[in-house]
Amino acid sequence: MQLHLSTWKEIEEYLLRSRGIIIPIGSTEQHGPNGLIGTDSICPTAIAGKASLEMDILVGPALTLGPAQFNLKFPGTISLRPSTLISVVEDYVLSLAGQGFERFYFLNGHGGNIAAARAAFQEIYTKYSLRAEESSSPRCRIMSWWEYPKTNSLRLSMYGEKEGMHATPSEVAMAQYVYPEHIKEVRNVEWKPVPSEYLNSHKGDDHFDAEQHRRSHPDGRIGSDPSLAKPEEGQQLLETAAAEMLEDYKKFLEEE
Amino acid sequence: MQLHLSTWKEIEEYLLRSRGIIIPIGSTEQHGPNGLIGTDSICPTAIAGKASLEMDILVGPALTLGPAQFNLKFPGTISLRPSTLISVVEDYVLSLAGQGFERFYFLNGHGGNIAAARAAFQEIYTKYSLRAEESSSPRCRIMSWWEYPKTNSLRLSMYGEKEGMHATPSEVAMAQYVYPEHIKEVRNVEWKPVPSEYLNSHKGDDHFDAEQHRRSHPDGRIGSDPSLAKPEEGQQLLETAAAEMLEDYKKFLEEE
Amino acid sequence: MQLHLSTWKEIEEYLLRSRGIIIPIGSTEQHGPNGLIGTDSICPTAIAGKASLEMDILVGPALTLGPAQFNLKFPGTISLRPSTLISVVEDYVLSLAGQGFERFYFLNGHGGNIAAARAAFQEIYTKYSLRAEESSSPRCRIMSWWEYPKTNSLRLSMYGEKEGMHATPSEVAMAQYVYPEHIKEVRNVEWKPVPSEYLNSHKGDDHFDAEQHRRSHPDGRIGSDPSLAKPEEGQQLLETAAAEMLEDYKKFLEEE
Amino acid sequence: MQLHLSTWKEIEEYLLRSRGIIIPIGSTEQHGPNGLIGTDSICPTAIAGKASLEMDILVGPALTLGPAQFNLKFPGTISLRPSTLISVVEDYVLSLAGQGFERFYFLNGHGGNIAAARAAFQEIYTKYSLRAEESSSPRCRIMSWWEYPKTNSLRLSMYGEKEGMHATPSEVAMAQYVYPEHIKEVRNVEWKPVPSEYLNSHKGDDHFDAEQHRRSHPDGRIGSDPSLAKPEEGQQLLETAAAEMLEDYKKFLEEE
Amino acid sequence: MQLHLSTWKEIEEYLLRSRGIIIPIGSTEQHGPNGLIGTDSICPTAIAGKASLEMDILVGPALTLGPAQFNLKFPGTISLRPSTLISVVEDYVLSLAGQGFERFYFLNGHGGNIAAARAAFQEIYTKYSLRAEESSSPRCRIMSWWEYPKTNSLRLSMYGEKEGMHATPSEVAMAQYVYPEHIKEVRNVEWKPVPSEYLNSHKGDDHFDAEQHRRSHPDGRIGSDPSLAKPEEGQQLLETAAAEMLEDYKKFLEEE
Amino acid sequence: MQLHLSTWKEIEEYLLRSRGIIIPIGSTEQHGPNGLIGTDSICPTAIAGKASLEMDILVGPALTLGPAQFNLKFPGTISLRPSTLISVVEDYVLSLAGQGFERFYFLNGHGGNIAAARAAFQEIYTKYSLRAEESSSPRCRIMSWWEYPKTNSLRLSMYGEKEGMHATPSEVAMAQYVYPEHIKEVRNVEWKPVPSEYLNSHKGDDHFDAEQHRRSHPDGRIGSDPSLAKPEEGQQLLETAAAEMLEDYKKFLEEE
């Protein structure tokens, strides 16, 4: 069930059955020579969409813009300041919390969103924690699709070390499956592994400024070979992730 | 050409041909008994999409959330504070302006966006106007699809007084055309005209708080009869608006 | 009754008779070769002052600064960022709402205020719409004096096409009537009509940055001939607007 | 010379003669049983106006709203949050600094403005201090009219201990002189001295919240007897303050 | 009793005995040729620490960063924008107020903190003053250690005119007493008195931008001779200030 | 070398030798029955202090307040909103970057800081990434002391599963070593393991609101047995962490 394709009465009825919602969150930024700029939003949107066919869950409108300042020197990248994303998440959650929603599950496709989303959650909870009267805050959770254990194993079994960190074959493959008419050709990608130290010290897209980033990664890839991507692998990844998301979401709903 | 379905190299090449971009902007709010919550985003996204098939233009990711606090007591409505939308628009424009984009055309589907979008434009220009050195700011424009003269005549010829102000048959029809599998049934809509004074003093969705708004408009319509909507009328409206948008956009690009 | 010329006990008594207040709102920006920089504040302040002699209404202190970044390259212009005006309007309204005021009527003299004022209203209402407990927000309305139908007809009958868009003879005339000792001489104003498309696409002072604005309008006028202004015409305009404002304000008080 | 009563060309010429401006800054808050709510703005505006008749100085539009939250339980009080006043002062100064103004002299009538104004000055200077390139910030100064030594002696010689801290006879007298038609009658004011410790620990209007403030000062006075005020004393005070302000302002212009 | 060296249960018990807390607040900025960059934080922290040995009071964690933009061209200076300090003070006070703390005594070591701290207090009180329901705000007070009359006399009797305004021998002496192993040598300091007008017009560290400040005060002193500082004098000053602070704090607790 | 115990000339000289600085960052929040409220600040401050005895590094003033809203119902906890910490980190970094510092290493003691610190880094870099001219941003890194592999192994070898997540014996032991006179007694701590799922879904202190948090963890521990802590183990941990930090910091300095 997609919120934007429902009427308000359908949502009113949904609230009698469930207090939870799933929100795809991605970014709009370069994804290497053949990756779509919308890749990080396309993946979680498609995973949540697939999952919503299997269980009575509500999927909210995707947040397609995130902090990606490090990619601003690649044309087409749009970056929200973290403070902007914090405001967006606050407004999103508080709007629905006022109507009875209690559990907000952000399905994430972009490492750079995690810090800002968590900061937003703490801002939201603070409002409740400072209140004198008893009150219970909504609960938020952010999970990136590649964190699900089976999905993670699958992508590594498919691409191994060439999965890399950005413009990965797994995300490119998923987007290819979703938009077959937008598969871009790429050849002769020169691949070099990225040092594990780099991966470690930049996790969560903790990258430096845009000039330096483009200098270090001239075609936009970080340690990946996205020319390996195939749409049928994307389908497998998507289905695996959708199944794992449902399990994790159910646990989140049942918590405490 | 859709930004999110392009690679950064394609955008780099596009910038050699054009400095403009079209950005659909809508809302996520109740749209009466049979209107989809996403109606205001669906319409401009579809119009821009249609137009992009006819001319070499770039369409950026849609802004699907807008200020709609007056609808917060209808489940499913998500409202951004105007200050949040201002930040989002600033980040969107300044990200792309740094890459060479110069003209930003916001195609609007929600009256409540106009004030915040214009405030954002003035915030952006202020940064340039306060600079000591010579510099030229990007230019922004927001147009609502119902402002185009032919589209406006068409919707009035179709629905007359029953077009109303919110959850209008024209927007519902357009969304029906785009999502035929999500057409909702509605019957026995009780219609009453809304006084022209009301229309006038609340234009731009200058509505009061949510409690009062739901009390005044218990099923979410304002002076409209959306049971009249038909997908084939939506198609006609969409095509007319797309053609008019292209004309207006061309003028905007050529200005000065 | 002027708030700033009253004691708090007089306001306490006024609140027993009425819950409304009128707030003149203008700007401080260049107004062409003979227009006073304060014109946009002088006009609504004088109109409200005149009206307050005829009916028991309260006039609050004028907001004399507004967003006018496009005029910053003309010395003497002071521009608030829209976000600043939003904060000012919020503080103004919430201060008085806490004392029992319920209806806030902003009488406007500057197109550039409208977007920010409306954004402010929505920010204010949002605070109420997000509350769990029942509560009713104050109501705000902004009307520009030239929107009143008789006043509008009058100025067009006086100056026709030479009324223009900025530094108009009507506003200059009104300021001349209010400050006869500050009438500035001007001769040989070269007049050219401004295209109606320009008027349309820049309504609400939706202008671009200051450098470009001064280049396009080197003496500060936009399509107007303010050398036509005469104080006695200003008096007529002022009296007409005051009468129309009273009518509109009464309706606003009685609404619902 | 009043900025709001000048044309932009007159300001352009003024800048050839001087780089300084005087800005009256006050508040809109209760001033006891017979004091006008606008007292704190009326006084510095009148002093600056008087001074501008004697020397070629420019007076900007008055800031008539300031932080006065402690008086919010007295009807008619309008309080800006300090953060709002900081933004207003920033915008005011940066607008004019971009046109060549270099010295900003805020003539103050309200103790509660001082902290926020000084915070604003430091915010403004910070922007310059963080720049890599050489640049010189504008300079700001805030002086309250009662700080001038002769004016201070005069008010104490007139009213002694009954001058008090708020709703003082000196400020009421000055407003009476400016608005003789708005002199309010008051009788039988019960006067009690306010402990010097109180004066000391609340200087700069460092008062607590509004409920407590009204409880402690039920008619709005703090240690004053404003029934002593006479317009002719107000005139004397105003003229003394105007003369002293001119001297201090000249020193400020010549500094360094 | 130091908050950071206590357990939460100890604080829970403390709240049964007292509702007050003392918060040292300083800065991190250059302090002349031999003054430590932390001087302004070291002094109030040490004074409060000393006082806490004599009476059952709670000392919160010191705020060691403050607005000091004027010193940014001296390496090692860290300056908070006033708006940042306002947020920090708000969060500090509201966190503890929610647990039952009612009186917040900021013991200050840096003139530049005063404006921002007072602005923060007014922001905090505003939240309470705008509430409809009855409620009582916490109370805040900021006192600089040199304002205590005996401490002030003592430092003047020790150093006379050479006490100066910044990098004073009294503060340097106090820091020497606290950190004897960090006494820095300095010789041949060239001393010139600073005009009393300068002192007066820059009180509360109302200084201009950093470039100009370093140009005017090339080694960081303002009218002081810190080569006179001796740790044993620092001890005397510290003990005097601690005793006076306790007295003043007790009065603050007992107020009303 | 401690910044706050240095003179500005010493920092000027340091900048000739190095462009890096280490900043301890912690929190002020309950740490269970025997943990000090300052534990999270005490640990990184002590580790950095120890390291600075072995190598020529500069340690900046510790940030002792962080986001900890989930602990606000335990007296003594002070929580910064994430947005406040973002501003503090921005001001800290930009102040020193203007003086030539290029590498900022935040040594962290509180999981709840990570999201806000990373958001702050991205805010800082954004300013550089949006600039037209070439420029290179400073680089920031945040590392928590328990992330160092040897330190992590050591604490697990010492306390095993009883290390837990909050109020851990390792951090308590370190604080005991630093403040032996403030070792608190605790007995009969009832220990229960915390499910690994809990640990996983709340990493980075991604906890919900304060009421719920205190209900779930009534004495403030999360899966830990801090009664096991011994100061001599704290010393070992501290020395191991200091050595590992130096290695990691050196790599950070040498990067690219």
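Order as written gives the chain letters A, B, C, D, E and F; numbering starts at 1 within each chain.
In this text, a residue touches a chain if its C-beta (ideal position, glycine included) is under 8 Å from a C-beta of that chain, and two chains touch if they have at least 3 such contacts.
Quick caveat, the model's predicted, so the values are computed rather than measured.
Among the remaining chains, those touching chain C and also chain F are A, B, D, E. Centroid distances built from C-alpha atoms place F farthest away from chain C. Taking each chain's centre as the mean of its C-alpha atoms, chain A lies 46 Å from chain C. With centres set at the average Cα position, the gap from chain E to chain F is 25 Å. One finds 28 Å separating the Cα centroids of chain A and chain F.
Along chain B, residues 72-73, 79, 81, 83, 95, 98, 129-130 each make contact with two or more other chains. Contacts between chains form some other arrangement here, matching none of path, ring, star or all-to-all. Screening every pair of chains for touch gives A-B, A-C, A-E, A-F, B-C, B-D, B-F, C-D, C-E, D-E, D-F, E-F. Listed in rising order, the residues of chain D touching chain E in the complex are 67, 69-70, 72-73, 79, 81-83, 86, 112, 114-116, 118-123, 125-126, 128-130, 134-137, 139, 141, 197, 201, 204, 206-212, 216, 251-252, 256.
Put simply, chain E touches chain C in their complex at residues 129-130, 132. Residues 94-95, 98 of chain D touch chain B in their complex. By the touch criterion stated above, chain F contacts chain E in their complex at residues 2-12, 14-15, 28, 30-38, 41-42, 60-62, 64-65, 72-81, 83-84, 87-88, 90-92, 95-96, 98-100, 179, 182, 184, 220.
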